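Pasting the structures here.
In what follows, chain A forms one complex with chain B and a second complex with chain C.
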Partner chain A sequence: MLRGLKLFGLFARISTLNEMQYRANFFIQLLQSFISLGTGLAVLAVVFSYTDNLHGWSGGELLAVMGVHILMGGIMRTVIQPNMGRLMEDVQEGTLDYALTKPEDSQVMVSVRQFAIWAVVDVLMGIIVLVWALVSIGNRTTLASALLFVVAMFLGAVMIYCVFLMFTTLAFWFVRVWELMEMFQSLYQAGRWPVGIYPDWLRAGLTYLIPVAFAVTVPAEALTGRLTPQTILIAAAFTLVLMWVSRAVWKYGLRHYTSASS
Partner chain B sequence: MKPAIHVRDLTKVFKVPERDAGLKAATLSLFKRKYKEVRAVDSIAFDIQPGEVVGFLGPNGAGKTTTLKMLAGLLYPTSGELDVLGYLPEKRQKDFLRQITLVMGQRSQLNWDIPAIDSFELNRAIYSIPRKQYEETRDELIELMLLGDLINKPVRNLSLGERMKVEAVGALLHRPQVLFLDEPTIGLDVTMQRRIRRFIQEYNARYNATVLLTSHYMADVQALCKRVIVIHHGKLLYDGGLAGLVERFSAMKTLSVTFSDMNGHAPDFSTFGTVISQEPNRVSLRVGKAETPNVTARMLADLPVTDLTVEDPPIEEVIEHVFEQPKEDDEKKETA
Partner chain C sequence: MLARARDYADLYLVNAKTAIIGQFQYRLANLMFLVHLVIEPLIYLIVWTNVAEAQGGSVGGYTASTFAAYYIVWTLVRQFNLSLSPFSFEWRIKNGRLAGELLRPVHPIHYDLGFFLGIKVPYVVYWLPAGLILWLIFRPVIELTWWQVAAFPVALMLGFLVRFAMLWLLGLITFWTTRVSAIFDLFFTLELLLSGRLVPLELMPGWAQDIAAWLPFQWAFGFPIEVLIGRLAPDQIVRGFAIQVIWIAVSYTVIHLVWKRGIKHFTAVGG
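Let's turn to the complex of A and B:
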């Protein structure tokens, strides 16, 4: 685990130093982030021109949810998605063999190699929106709820990673799974709203199939004083389950890959 | 001495989906697939001693890459015994992986966006090479390969040959004891091929590393390998010296004869053998191996010979001849 973090740090440093040469990417990313923030705010404004409460969430609180959504999206695009994309390319091009002949745990190896520095813009943007939302609500965030928020964010990110990894592992059988990754992205968009507003079946799906509920709604609940100890315990337990299951799926996929590819 | 690589009865069978042509068959195959078994490697056996450089020959689809991948722990064998440096490769233990390297000429392992030196640094971390040893090896290999400042340019901007040089250095930074090289010189020009070859030779000599190499270029094999293993249709056809390969698979010799002036009365050379080329006072003939002594004696006795040489045919021809051998069994379809 510690070694994995160390490797991740080194990969991130080198790719960041390199990426710094391409400043245009920074401005493109900035533009993209602003456009998506703008549309998000516009939709919120439209909704709240009709009502001042959505399933118990006020306008300011929904803004906080949006902030968490952008923040988590930024984390996903900075560290999770680039690695999974690279993994899929490696499967397609047969270069995964190189990763597998390295003296490092294969799952760690494929999870730490990429780092998209410019997507950090979304992380910062998310934090700004979040702070803005909290200030506008007049929320007095306690140290405890802030800590809880950090824990919930961490668990959420790990869950997203696990599910993403399982989706990508399908590449061992189907080789091309970009469509599935696209689907994952669009389902993540549903997390822009607290999952409570959705019908039961969709809420269940967004909780346990694609853990958007845990990744976005739960951290937002932590900040807005809605989080019950029960929920955070369930989140922690579910994270452990996903870590275990995704590792099993990865090992199984790898076993299939190494016995079938040629 | 315990062999570095030990292989017995190694077999790999792939299950390959099979379908007929056409949309209907394609649609059906989405739901129900028929599989066909393909025996890519069929009970082969060999031992390789530490420090040996062995050429692995065979036409496309003979099972070379499959064997190499099993040795590197990338493929699970269907059956058989396998031992590399005392490890079972398929377990992919870290101590095993730290001592081997894999280079595939057609696939790059360097990150194209960053200069090679950065990729080297990453390999240092992945292999946990002590800083001092890393710098020593790196500088030594860079010098050996005449890399110069190529290592500071993004890999994307390098030519194919330059990239291969850099790839080779990157793959050897951890001083592996066993090298699996799959077509390391593919697509390179002659000078660059020679440089890579020299590099492999040097590395082998310095570190007494075991090298298993596949190549389509016979020059690679002739320059590097005292021993070759030939596989075809998944089966081992030959294992031994290059000269022995020629001896065993070539039934012909080439006779080159020069004469003093024959005053235009050249005899009919086709009574001696197959004429390859003929000039007024020179002739090249292809003669069966068994008849060679006989034909040579007759020529020396009957004709004003000034020079006569008997040669083996070029190695390429021999190999081609080997690969033309029909397979015994129609089920054994080729896979790469």
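Let's turn to the complex of A and C:
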């Protein structure tokens, strides 16, 4: 675990140094983040010009959900997605061998190689939106709820990683998995709203198939004083299950991997 | 003249066929694409249904079942007006693929148009089950008259031509600068907000509707939907057709002019 973290730190530094050569990309990312923030705010403004609460959530509280959504999306695009994208490429090109022949655990290895520094913009923007939201709803945050929020965020990120890894492992069988990633991205968009608004069948899917509920709604619940102890316990248990299953799927996939070329 | 028209027809037919056969191969990809397509309007539909219910049943004249009709027709319009993405255009220029295409005797836009007309066939075929499922779940209400049914395909087709031209024109910017992704993003955001894609334009604030009236977006998206679900009177529909035709004429003229200048500017990269 510790070695994994150290490895991650090292790779992150290399990626960052490399990416620092292309500073223009930072401004493009910044612009894109602002555009998407503007869109999100416009949507909230239109919805709340017609109503003052959506399924029990006020405008300010929904802004908090949006902040968590941007923040989690930033984490995903900084550390999870780039690694899974690289993994997919490696399977297609047959270059995964280079990662597999390293003495480190293969799952750790494929999960820490990439780090997209510019996506950190979204992490910062998410935090700013979140703080702004909390101030606007009259800060009720206690130390306990802040701690719960951090725990819920951590569990949510781990769950997203596990599901992402399982999807990517499918690349061992189907080479065109980009569509799957696209699908994942659009399902993640559903997390912009608290999952309570969705009909049961969709809410179940967004909770246990794609854990958007745990990744976004639950941390937002922690901050707005809605979180029950049961929910966080279920989140923790489900995280453990996903870790175990995704590990098994990865091992199984690896046994099926035959280097594609050269 | 007649022979030339026949040549063009052949060209379109071949490109359309290639697109149809090619797209039907990827069944799994098509399925996932459908999920990708459906989830976006589904979110909007559920959010607005919630708002309508909180407001005692309707918002700005839309009830839960009118919203359902709007967003289900939305999925068909969206499938139908998919066009060459400016990102593909950028890729084509960056990779030097355009250099080869320029050697052909026919303007490249004809190949693209033929391809995207053809690809409608598999797109609509794959849409049918998705549309049916959404229909059964959300129970939309549409009162159809014969003129709505007759006008819808025309509005849909003209709408596609408007959108195709806009996106092709946008792709042409890549001739002058290769850092285009931010411009494209800005464009798609404006489209999202001002086309009726996010929410029926009637529900946007008045000033936003005024801006939208001067832009082409709604004529490729919201207009065909409103035609079919019966939000427009016959004279409004005829007026809409006229505006669509004007936008088509304007944008293809601009494409013609920009293309001539751009092509002089173009230097191939790679091969």
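Rule of thumb we're sticking to: the second predicted complex is superposed on the first by the 257 of 262 C-alpha atoms of A that agree within 3 Å, B and C clash if a C-alpha of one lies under 4 Å from a C-alpha of the other, contacts with A are read in each partner's own complex, and residues count from 1 in each chain.
Keep in mind that, in the parts below, a residue touches a chain if its C-beta (ideal position, glycine included) is under 8 Å from a C-beta of that chain, and two chains touch if they have at least 3 such contacts.
Because the structure is predicted, anything quoted here is derived from the model rather than measured.
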Q: Overlay done on chain A, so just call it for chain B and chain C: clash or fit.
A: fit
Q: Examine A:Gly94 and indicate which partner it touches, taking first as chain B and second as chain C; both and neither are also allowed.
A: first
Q: Answer with first, second, both or neither: which of chain B and chain C does A:Leu31 touch in the superposed model?
A: second
Q. Hey, in the superposed model, what angle do you get at chain A between chain B and chain C, Cα centres, nearest 10 degrees?
A. 90
Q: Based on the superposed arrangement, let me know which partner A:Phe11 touches: chain B (first), chain C (second), both, or neither?
A: first
(Q) Contacts for A:Ala190 in the overlay, against chain B (first) and chain C (second): which applies, first, second, both or neither? (A) second
Q) Regarding the shared-chain residue A:Lys102, is it in contact with chain B (first), chain C (second), both, or neither? A) first
**Q.** More chain A residues in contact - chain B or chain C
**A.** C
Q: Please state the minimum Cα-Cα separation between chain B and chain C in the superposed model, rounded to the nearest whole Å.
A: 7
(Q) Per the contact definition, I'd like the list of chain C residues that touch chain A in the complex. (A) 26, 28-29, 32-33, 35-36, 39-40, 42-43, 46-48, 50-51, 54-55, 59-60, 179, 181-182, 185-186, 189, 192-193, 198-199, 203-205
**Q.** chain A to chain B touching residues, read off their complex
**A.** 6-7, 10-11, 14-15, 17-18, 93-95, 97-98, 100-104, 106, 109, 255, 258-262
Q.
Considering only the defined contacts, which chain B positions touch chain A in the complex?
A. 14-15, 40, 65-66, 69, 72-76, 90, 92, 94-95, 97-98, 100-102, 104, 107-109, 113-114, 118, 121-122, 125-128, 154, 335-336
(Q) Show me the residue ranges of chain A that touch chain C in the complex, using the header's touch definition. (A) 24, 28, 31-32, 35-36, 38-39, 42-43, 46-47, 49-51, 53-55, 174, 176, 179-180, 182-183, 186-187, 189-190, 192-193, 197-199, 202
